[in-house]
Every structure is written in C-alpha cells, then in structure tokens.
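In the two complexes below, subunit A is the common chain; its partner is subunit B in one and subunit C in the other.
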Partner chain A sequence: MSKGRRDGGGLESPQRRHLLGRGAALVGGAVVSGTVAAQEAGSEPNGPPNIPDWMKVPGADVGSEPYGTPSPFEKQVVRNIPKGLPQYISASSRTPLQELDGIITPNGLFYERHHGGIPEIDPGQHRLMVHGLVETPLILTMADIRRFPSESRIHFIECSGNPGFEAMSGRTASDLVGLVSCAEWTGVPLKTVLAEAGLRPEAKWVVAEGADAAALTRSIPIDKCLDDAMLVYSQNGERLRPQQGYPLRVLLPGFEGNMNVKWLRRLNVTAEPAHSREETSKYTDSMPDGTARQFTFYMEAKSIITRPSGTQRIDRGYNEITGIAWSGHGRITQVEVSVNDGRTWTVAQLQAPVLTRALTRFRLPWTWDGTPTAILSRATDETGYVQPDFKALTQVRGMKSFYHNNAIIPWRIAESGAVSNGFVKA
Partner chain B sequence: MSKGRRDGGGLESPQRRHLLGRGAALVGGAVVSGTVAAQEAGSEPNGPPNIPDWMKVPGADVGSEPYGTPSPFEKQVVRNIPKGLPQYISASSRTPLQELDGIITPNGLFYERHHGGIPEIDPGQHRLMVHGLVETPLILTMADIRRFPSESRIHFIECSGNPGFEAMSGRTASDLVGLVSCAEWTGVPLKTVLAEAGLRPEAKWVVAEGADAAALTRSIPIDKCLDDAMLVYSQNGERLRPQQGYPLRVLLPGFEGNMNVKWLRRLNVTAEPAHSREETSKYTDSMPDGTARQFTFYMEAKSIITRPSGTQRIDRGYNEITGIAWSGHGRITQVEVSVNDGRTWTVAQLQAPVLTRALTRFRLPWTWDGTPTAILSRATDETGYVQPDFKALTQVRGMKSFYHNNAIIPWRIAESGAVSNGFVKA
Partner chain C sequence: MASSKLRPFVLAAGLAAAAAAANASPRYGIGRPATQPEIAAWDIDIDRDGRKLPAGQGSVAQGQILFASQCASCHGAKGEGGTGERLVGGQGSLASGKPIKTVGSFWPYAPTLFDYIRRAMPLNAPQSLDTDAVYAVSAYILHLNGLVPGDAVIDAASLAAVRMPNRDGFVSDPRPDVPGEVRPR
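Up next is the complex of A and B:
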C-alpha cells in the first residue's frame, strides 16, 4: 500500500502489534493484565467473573423469524428519508452508507426513488409487452420471462441527482450520496428478449414503460439494449422488492437510476426517442449557455469516504479510512485519499473482486495525530477519467445544473475528532 | 458452451429466436398478433385495453417501509423449518435454495443452526477475551474490534450434516442441502487480532467460545487462524443478524459450519485442542471399522441443481438447468450436468465471478423432449477433486457416518414434467 505515497502524515503501515495501543486514544481497558486468563470473558479487568445474562437462559427458537430481521440494537439503521419533500408524487429515500460495510447493499436498505408511489403488483397478472419495430410482438408472463436463459451480475444503481448541485449541505454520507446502492441482479439479457421478438432494421431505441401510477417512461438507445442491458427479477438472490420494481425491472449497468425502469410492463421498439417527461423537463442538465444536455446516460466516476464521515467522531491514533467508489464507465482502477485537504494524495487499497459498474470498497490505514484537517477521496476509472473537485466541475457545468454531480467530497475533522461536511462553513 | 459435450440430448445452443416457441410446450398466448401494438400492455391478444388497477391510483409512500421487506406475493419464500425436531436445544432451518437466484443469500433467508437458541446480545455490553498462550491477554469491546483494519470477502458457510447420510429423502433442494448459504462478510482478519495479543511459540490451537446458552466451543488449528480466518461483524453490508451471531462471529472459509462460532466471546490460545462436545460426541464421522474421523474441517466439493428441482414441474421444450456448486478447498473449476441419469455429462457454464470458497452459479440450456429421465450435476474444484456419487461415497465411508455427505443428487423427471428426488423410489 506504499505505491503513490507522497507524505508522511500518519500513513505508515500499521505495525503487527499494538494497533489499538498507539497514539493518545488508547482504548480504555482494552489491554488488561494476565490475570484475566483465569476469569470469564465479559468481565472487566480484576473484576468478578461475569457470565452475561443471555448465556443463562435458552435463546429464541430456530425459525422464530421465518424471514429474519436485524437485531433490535440496530433499529436505527434504516433508510434515510429526507424531511420536507412532498411524498409519493416524487420522493426518495437514501441508503445509510455510513452504517454499511463491503459492497453489497442489503435489500431492506436499498435506496428508493419513486414518481407515483410503490405499486403492489400481482406477478400472476403482470404482463410485459414487446412491440413496435419488431417482427413478432410479444406479450410475456412472468413465467415466460423466467424460462429465458438467465444471468447474474453485481452492479450499482445510482440516481442522477446524487446529490443535486445545490444540495451539498447534508450532514452524513447518506445525506450527500445515499442515492446509490449495489446488488447482485439476476434476469434475462434484454438482447435475448429482443431477439425473440426480432428487431426490424430501423430499430434505434427501446421505450420502456413502468406499471406505476406515473407510467414512468424512458428511451434506451439500441446499442445499450444489445450490450449489457438486462430485465431483472431477482436482487441479492430473492425476488425484487416492491420498492425496486417487483416483479420486473430494467437494469442498464452504469446508466442513471431512473432509466432502470421499475415495474416494467412495456418495451416499445422505435426509430426515435419518446422525449418523455423524464428525459426533457426532468433529468436533463441546464448548462451555463442556456442549452440543456439531454440523454447523459452514464454516471461518471465517483467516490466517498464512509468511515470516518459526517456526524461520526474519531479518536487519535490508528483509524482505518474506508469508503466506496464506482463508475458507470467500467471498473475502478484507483482511489486516492488525501488526509491533508488535498495537498497530497495516497493510493488506497481496493478490495477484490473489483467488478465493472459495481461499488468498489477502498481502505487506507491512517494514524491521526489530533491536528484538525480534511480528508478526501478521488476515484479513477478504466477510461482514465479522474473524479473532479466541485470547483473544476462547476467551471464546466455551471450552477444551473442539478444532475450528474460527481464532485470530490471533503470531510472536515475538528480537534475534538468530530467529522463534518467540508462543503459547509465550520 | 459446447466444451465437453458428448451427447445430443437437447443440449444444442438455444437459437437466437423463438426460444419459448420451440418444442411442444409453446407458451399459451406468449406470441401474439401484430395488432397488439395498438393495445395497452397487459391485455390479452385481441382483448380490450387493459390498464392494471395498480396504475390507476398512487402507490405506497416512499419510506413506508424504513427497512424493506419482500412483496406479499412472496410470503411463501421463508426459511424451511423441519417438522418434528426438538426446538431450540438443537435445531436448524434451511435456505429455500430452489427459490433463489445468483450466489448471494439474502440475510433474511440465511440458514440457521443453533445449539442453545438465539441469544439477544447488547453489543455495548459484549466483550471478546483473547487469552491463553499470548503475550498480552486482551478484552475487546465491539468498538475496539471495529477499529482494526477490515476486510470483506464473499464465502459460503455450510453445516457438516447437509444432509445426513440417512436424510436423503427430502422433497426439495432445500430439504436436501438447504444448510448452505453465501454472503459478503466484513470483519478483521483473525491473524491481526492474534498479532495484537502476541502468540507464544507453543500456540497450536485457538479455542473459540460462543456467548449462547450452549457456550458452543470449537478448537481451530493455528494454521487456519493465521491464514484466511476472520472475525466478522457484518454480512451483506449490514451488521450480522442475531441468528448468524450478532454482534461477532468467527468465519473460517471452507470449514464446517459449526466451527464458525457465533456470538463469539472468547478465544483461548492453547497447545492442544479442547476436545469439546462439538468435536467428540458430535461432528465426528463414524467409519465402517469402528473408528471415528475427528477434525474433518473442510467441506468437500458439492453441487445441486436448484431449477428444475424437487416439487417443481417443467414443460417440454427449452428449459434452463441451473444450480450452485461450492468447495471448501477453493474455487470451482468445472460443473458437469447429465440429462440422462449419468450416462453422459456436459460441461455447464459458470457465472463470473468464480470466487474461492463461495457459491458458484452454473447453467446449461436444455430442450426436453418429454422422455422421463434423471438430471444430475457434479462439481470439480481447483484441487482436481470430483464430487462422488452416493455409492462411491458410502463405499469409502460406510453408512454409520452422518456428516460430510457430498454425494451427487439426482432429480427424476416424470413424463408429466414433475420433478422429484431421485434417491426415493418412484
């Protein structure tokens, strides 16, 4: 992990021993006298034997939860629902990124974004119609769709407004970029379904429509449909949750979230895009010269440090810096971390497997000496693109834009160890 | 997918078109007339436009489930709890493998095996003691443990009695081998914690003890502790569920399930194994000559077809055969499938990424002509070991054994398309 290291700010490799004992913040009572060996675990040093109450009685029955749920002690780990936004017409909830480890988002915490509420769909009644510029229009049941050859892939999905350009004041990692999650998806390659219908030569777009009250509609370029696009029915092994499009959604790896149409009921193959609400009035980027960028499909390379992050507090001494990086354009090839507000950068370790268009976990050991600072991360993807800082981004894109904000996110660390959003004046 | 193909029993590659239209079991109404293009999706061919009810009213609010749950239409997909076994003293529930896709098991459906019920542990009160043949005994809080350098790995855990040698009569894939699940785990390498304490030269075993009412205790050889063993606190991104050891468990990739001690409270470093109940009276293999195999740590290569599998029914024509394979010894290198009761074998496709000591999804396209048959799968791992059939296994191991049954599992397919357990007389 020494590659690219250009400063000595506490970034030496952790020693094999006394990791927790280094620095000023020696963990109270962690290192105890040898007499502990004769005691029961759970006791404090030199205290009486301590058998915890939960060992003294039989625990709950197996199967007491046919479908398991988290510990009552984790009940605060839920989706983050912004206050003050109008509900169900257009609303979202965010994944609590700062509470999570690894790259898989559990289904119960996957972010939501709805435009007409969450429909409760009977999969026995649901149909997918494939029509337009095809040789043989199809109406498919869910049983039909599950008969096609299947495929499983781990990919992120991210809302394009994550965060909006004027929404950089959040307190936590979730407040800022909690509209991204990652799962293992299973379904049928879209190209297989289109081949079953038979594309006509003039087919250039596929217009996907959801079976929600908004009939959310997006136009997908045919090249993506014939590349890695899928129609998915399972997420992390089990069937999709209602919030993620049960029983069927489009998966367009790397494309902005709302194009991954949920509750999918229709694929209309066309020569031109539909210019639907969600690709004209919304989900376009207003540029400084008054024009608008339309069909900005791919989410650019991005990263965020999730631990330590806003509202957390660190101790002096050894800390692991960890976070997630991702790019719609492919694999993450490098994540650099700065512990001195961007003056110098150090290459972080990437957790294998590093998958294309999936979250990638990065880590860097750090010993904090108690000096106030700011910590940042920046991602590079396989195209060579490097995540910009907010200033560089807005020089190109201006401040009229809302979507596709992939700026570097700084976390300020105060002398107390308190971590806060570096975009907000202290 | 033609590699290794040695028969023509419907195993040609699926054609680009009319996958669902081939064979006798053309899906009723799936391929419809061109007039459908003018109709609403969801209608039957030539029927009236059909806007489903769930598009006519706003759906449920975002955040109506702060922690999401499956669709009400999936309420039958729960853990499989065997009837007639004494509860909580020694009981298990199984993952519904035949309902799942991909390789990740959602946390709510991860299999359970308890020896004293599920304790409800307050993580703020929980302690891990590391003592015995160490330089510096430690008592660690969960906050201490989370400060260590972390790592995330995708691995399966499997009970060693999956299934017992006399328990081959189950109806479903879950009944037979549902005591295996797979997740992304995050925690600290065990060697890091042992290095913090400092191992004495005579340290050869680490005895792990759980904080359940059984104080489940297992001895782990030091080589494994210094290799890929971990202490894990997160599973599929979020904290461990109570059923899987909240707040802390041992993860020994590839070792039999009960050694992955849950609710971990103590690591006693020793020169000899503890010879605890769970490694003498239980979890040893009685051999034909009256001796017993002890410390048979690694789970051998194994596979099962999950679709089609017992209690399901297939149509003639195109079907995808899919299932899971795994080995405690490393990566799966090959899965072969037979569609003629073991007469010939065809190499199946493996879904990337193929990870060490993780479930691996395999798939094979197959066109069934309606002839009764049996379908089987057999896995090969990176050591070259090939999953044996039940006859070959019992020739070596006899029938007094209970644990470590990794026999090939046959599914019988009747003329009706009904799928049933091939071990059970029709």
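Up next is the complex of A and C:
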C-alpha cells in the first residue's frame, strides 16, 4: 500500500480515508460553498504530489453495471419526497432542481404526480382506443403506434400547483418549484393519430383517459390536439419511465401537467368537455369572490435561481448566479436578475438552445461583497409577458386559488453567506 | 376586483376547419377498427348532462350501507373527511376566507359524481362497484348534502336532474390577469 506513497503528511489510515470520503460527499451536497478548509500542501492523500488510490488498481469491469447509475458520491441527488403523508397513491415528489445543471431532467429525477399510484403495464397487452366523433374507431397496439411517423421535441412539464399560494415556506428550490421537469420526448403527433381515425366536423374536444387506478380523465380542446400535441413513448432516448406514463402518454407543450395524461388508454373525440372531476372540483382555481376558473390550461412564464438557492452557502467574491426559466406560451426572451432585492435588474445570459416551452438556463456572473441582500430572477416570454411578484399575483387571485402560482422567488443571503427562502421571515 | 370583470363561462370552441385540416393528412392503414362492444365496455366518461349515464338505479338507503363498508374508512361515517376528502357541507363558504370545497358546495354537475366513483373509487379497488352500487353511493352522498331526500332512488334521469348549488360557479380563464410590466415585443 505504502510502496508508491510520496506524501509527507503522515500515515494514511483507513479511518482517515473514510472521513475524507464522507467529506467529499458532503461537499457534493452543499455545492456552492465548495471551500474545503485550506490544506497544507501534500497533506491530501489523493492530491498532489501523491498518486490517487484509484490510479493504482484497475477499475470495475466493463458491463459491471448493465444499466448505469450515478456515482455513489451522488447519493443525495434524489427525488424530494414529502414525509408523513396519509397515503402515497395520490401524491407528488419533486425534482431536486438545485442539484441539476443544464435544461434536461434525468429520467430518474423527473417529478411525479400520480392520482391512483403507478401502474405496471405490459406494453404487449396495452391498447389505445380512439373513438367518438371519428369516422373509424380504432384499436392501436404499442407496435402500431410506433409505426406512425415520429418526432422528438424538448419540452417541460409542470404541475399546475407548483407550489400552492399558501405553500411558500419551502427551504430549497425543489421545495418551492420542484414540480417542473424537462425532457426530450419522442412519439407521434396527436393529429396524425386523429387523422387515421378521421375526425368528424363536429369534433371540438378530445377526452383523454389513463389506464391507471384513477382512470384519470382530462378534456383537451381540438385546436391544441391539432397543433403541437403528441402521443409520446420515449423520454430522453429511452422508453418512458413508469412514473411518466409507460408505455404511452399525452404531451401538451405548455399546458398544466395533469392534462398530459399518462398510461393513455383512450381518446374519446367529443363535442363538449367531459367536465371530469379533475377539471371541475380539482385543477380549477378558486377566486376571492367564490367563483373558480375552469380550463386554466397554460403555465405562465416563470423562473427560479437554482444556485445559489435555499440551504446553500456562498463565499465572498465571485459567484455565478444560475437558474431556469420557462413559459407555456413559447420561448423565453429575457431573464433579469436582481442582486439588491429588486431595486435594480440586470439581464442574464441565456444558454442556447432557447426552445419554445422548454426549460431555459440563465446565468449571471456576480461578485458578492458580503453585504446581506436578496437575489431574485424574473422571466419574460415571447408574448411580452413578465413574471409577476407574489403580491401582484395574490392581489388579483387571493390566497385560495392554489394553482398557477408563477411568482418571483426571492433568496435571502445572510452575512454568513447562508441562503434561505426570502418569503420566510429571517 | 378583477374577478367581477370575468366573462361568463363559455366553452372554448375548436377551430371551425380543424377536422377538415386534420383529415387532409395521409392515412397509414395502422391499427384495426374498434367494435361497438369494445367501445361500450371502455367508454366510461359521463358528460355533465348525464346523457351517457347507464341503466340502473340505487337508493339512499342502499347507499348508506355501501358507504359504511366501502367509503367511510377514508371519508368518515358522514362524509366529514379523514385520510380521504371531505364530501359534505361547506355550502356558502366559497367566497369566504376559508372556502370548504365538497361535493355539495363545489361540484357543478351531479353526473360527474357517478363518473368519478365508478372510475376511481374506492381508492383500493376502483371499478369494483357495479352500476346500481355507484348510483346508490351517489344518492347517499347527495342526500348527506341535502340535495335529495332520504327516500330517494336515483337513476340516470333523476341524477341528471339534480341541480348542484355551485353549477354556475365556474368561469373561463381570463389570464393574463395580473397588471405588471407587460412589454410589447
């Protein structure tokens, strides 16, 4: 073991290596701070001038993992799952946004919202029925669906309650808006499948139904079905994960998540919406006057700084501010960042590609002088719409509308460099 | 208040020429025709007017027994809620600071109750109740909300005839609704 050692820093005990390994994992979790206490030159057993242990023996075999998984040092990067719910059949888990880079959500970290649990569906037995106001009602197998001309597109999906207006106290970016994820989806345009059945002239809506235990049902206006809607069977190159609707789901770019019906088994072409439970008593937005807005499809422009963000810690000096922005109405045209609690705003850089109805990564270089402050971001989309602040939103909608909260998220930075939710009193 | 300016609820209309445009696409000869029995077995969505409600019936009294065995463990003996949602009460609360949204206070259409119970309830055994049982449970929940009498027997016609208190409580989407710095392109 010590044959090749050239360190001048004393013995390398197994215990010490264990502690250093833990330290590395913790740094991975805390991310921003990054500053490991300055070490004396040569005191790190795997740093210069020593030869790292992992260079002295061959690594694991090719194929030791038939389906690759993240490094064991990334164990903390997992879905954000609520604790202590009365049941987990109808519930949600969140993407750990603050741990991710770029715009694509790894399939294993895509957010979840299920209404009757995750069914295990044999794709060989799964059937899609297309009926109602069509010339020829159809039964399609998964093999049939994969025969249609295919397309791949990158789009976000976001839960409409991300978060509720009364749930602004989350500690992390994930706690606040982790019910959004983005993937490259592959499938067939919905209009292709509808044309195969032949739409009748009175067709105005398509009622989509899942093959889950909730048989979740949402009505989709025909113009969306004939525009950019898809039936997708793959995400990020591989088949859909069960949590995202394996083997087949609806994709409605920019529309609220629950309408992107998973485990799709039926499309009923109708003249009227179904007015299902999920589009009357749920997923409608209660207003202060007692009315509720129905068919609130679009997810409006939104952004969040993911680094630095809640529970992280920064150092004085240079820090890159980065985050994600998105809009159900099209492309993000601008993201502005304020480093002084909204007094002034600076236009951030947008990372190409900037795609319609997809997450867009923004960045702003920043030098923190150590003064306590709050940092915020606000997005503008191609319609000219600017992400509002929480006060402006709730002045119109009150506190009880639950869905479609796209408020600006402030992160407070304390003198210590600790980052926390700006909605929570310090 | 912005909500007073909302247009009355109007169903969004599809594009007039949409169907014709879609049908201009080529057909690929993929899949097979669905038969009427296949469609009838899977076509479970019920419209708000109840035109698709199936034949059958159930009484409040039958529903009370079924509710106790199938529903009460989650929704409470009288629909007051538990691990499952509250189903009863809340009428008149929607415009208050603490709206209570139940079948009686919030649901706009009674046929949706049949639709949802049949497709998704009970949570541990969806699609296990037969048609008469779904009518009976629907009748009992409506009775708990004071919307049908205790001796009611509910079928397609009588369920469709129940006028829910919040039937007119839904409005269309007026967004963008928040005054702000909307910038012209």
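We adopt the following convention: the second predicted complex is superposed on the first by the 375 of 426 C-alpha atoms of A that agree within 3 Å, B and C clash if a C-alpha of one lies under 4 Å from a C-alpha of the other, contacts with A are read in each partner's own complex, and residues count from 1 in each chain.
Just so we're on the same page, a residue touches a chain if its C-beta (ideal position, glycine included) is under 8 Å from a C-beta of that chain, and two chains touch if they have at least 3 such contacts.
Bear in mind the structure is a predicted one, so any value in this text is a computation, not a measurement.
Visitor: So in the superposed three-chain picture, is A:G237 touching just subunit B, just subunit C, both, or none of them (first/second/both/neither)?
Guide: first
Visitor: Touching A:R412 in the superposition: subunit B (first), subunit C (second), both, neither?
Guide: neither
Visitor: If you stack the two complexes on chain A, which partner ends up touching A:R265: first (subunit B), second (subunit C), both, or neither?
Guide: In the superposed model, A:R265 contacts both subunit B and subunit C.
Visitor: If you stack the two complexes on chain A, which partner ends up touching A:F73: first (subunit B), second (subunit C), both, or neither?
Guide: first
Visitor: Can A:R361 be said to touch subunit B (first), subunit C (second), both, or neither?
Guide: first
Visitor: I'd like to know which partner A:A203 touches here: subunit B for first, subunit C for second, both or neither.
Guide: In the superposition, A:A203 contacts subunit C only.
Visitor: Return first, second, both or neither, reflecting whether A:L226 touches subunit B, subunit C, both chains, or no partner chain.
Guide: second
Visitor: I'd like to know which partner A:S276 touches here: subunit B for first, subunit C for second, both or neither.
Guide: Second partner only, subunit C.
Visitor: With both complexes overlaid on chain A, does A:R249 touch subunit B (first), subunit C (second), both or neither?
Guide: neither
Visitor: So which bits of subunit A does subunit B touch that subunit C touches too?
Guide: Correct list for subunit A: 87, 89, 116, 129, 131, 136-141, 144, 147-148, 192, 195-196, 198, 209, 213, 215, 265-266.
Visitor: Would you mind writing out the residues of subunit A in touch with subunit C in their complex?
Guide: 86-87, 89-90, 115-116, 129-131, 136-141, 144, 147-148, 191-192, 194-196, 198-205, 207, 209, 213-215, 217, 221-223, 226, 265-266, 268, 270, 272-277, 280-281, 284, 286-298, 300, 333, 380, 382-386, 388, 392-393, 395-397, 400, 404
Visitor: Can you name the residues of subunit C that touch subunit A in the complex?
Guide: 1-4, 6, 9, 11-15, 18-28, 30-34, 38-39, 42-48, 83, 94-97, 99, 101, 103, 106-109, 112, 115-116, 119-120, 123, 126-127, 169-185
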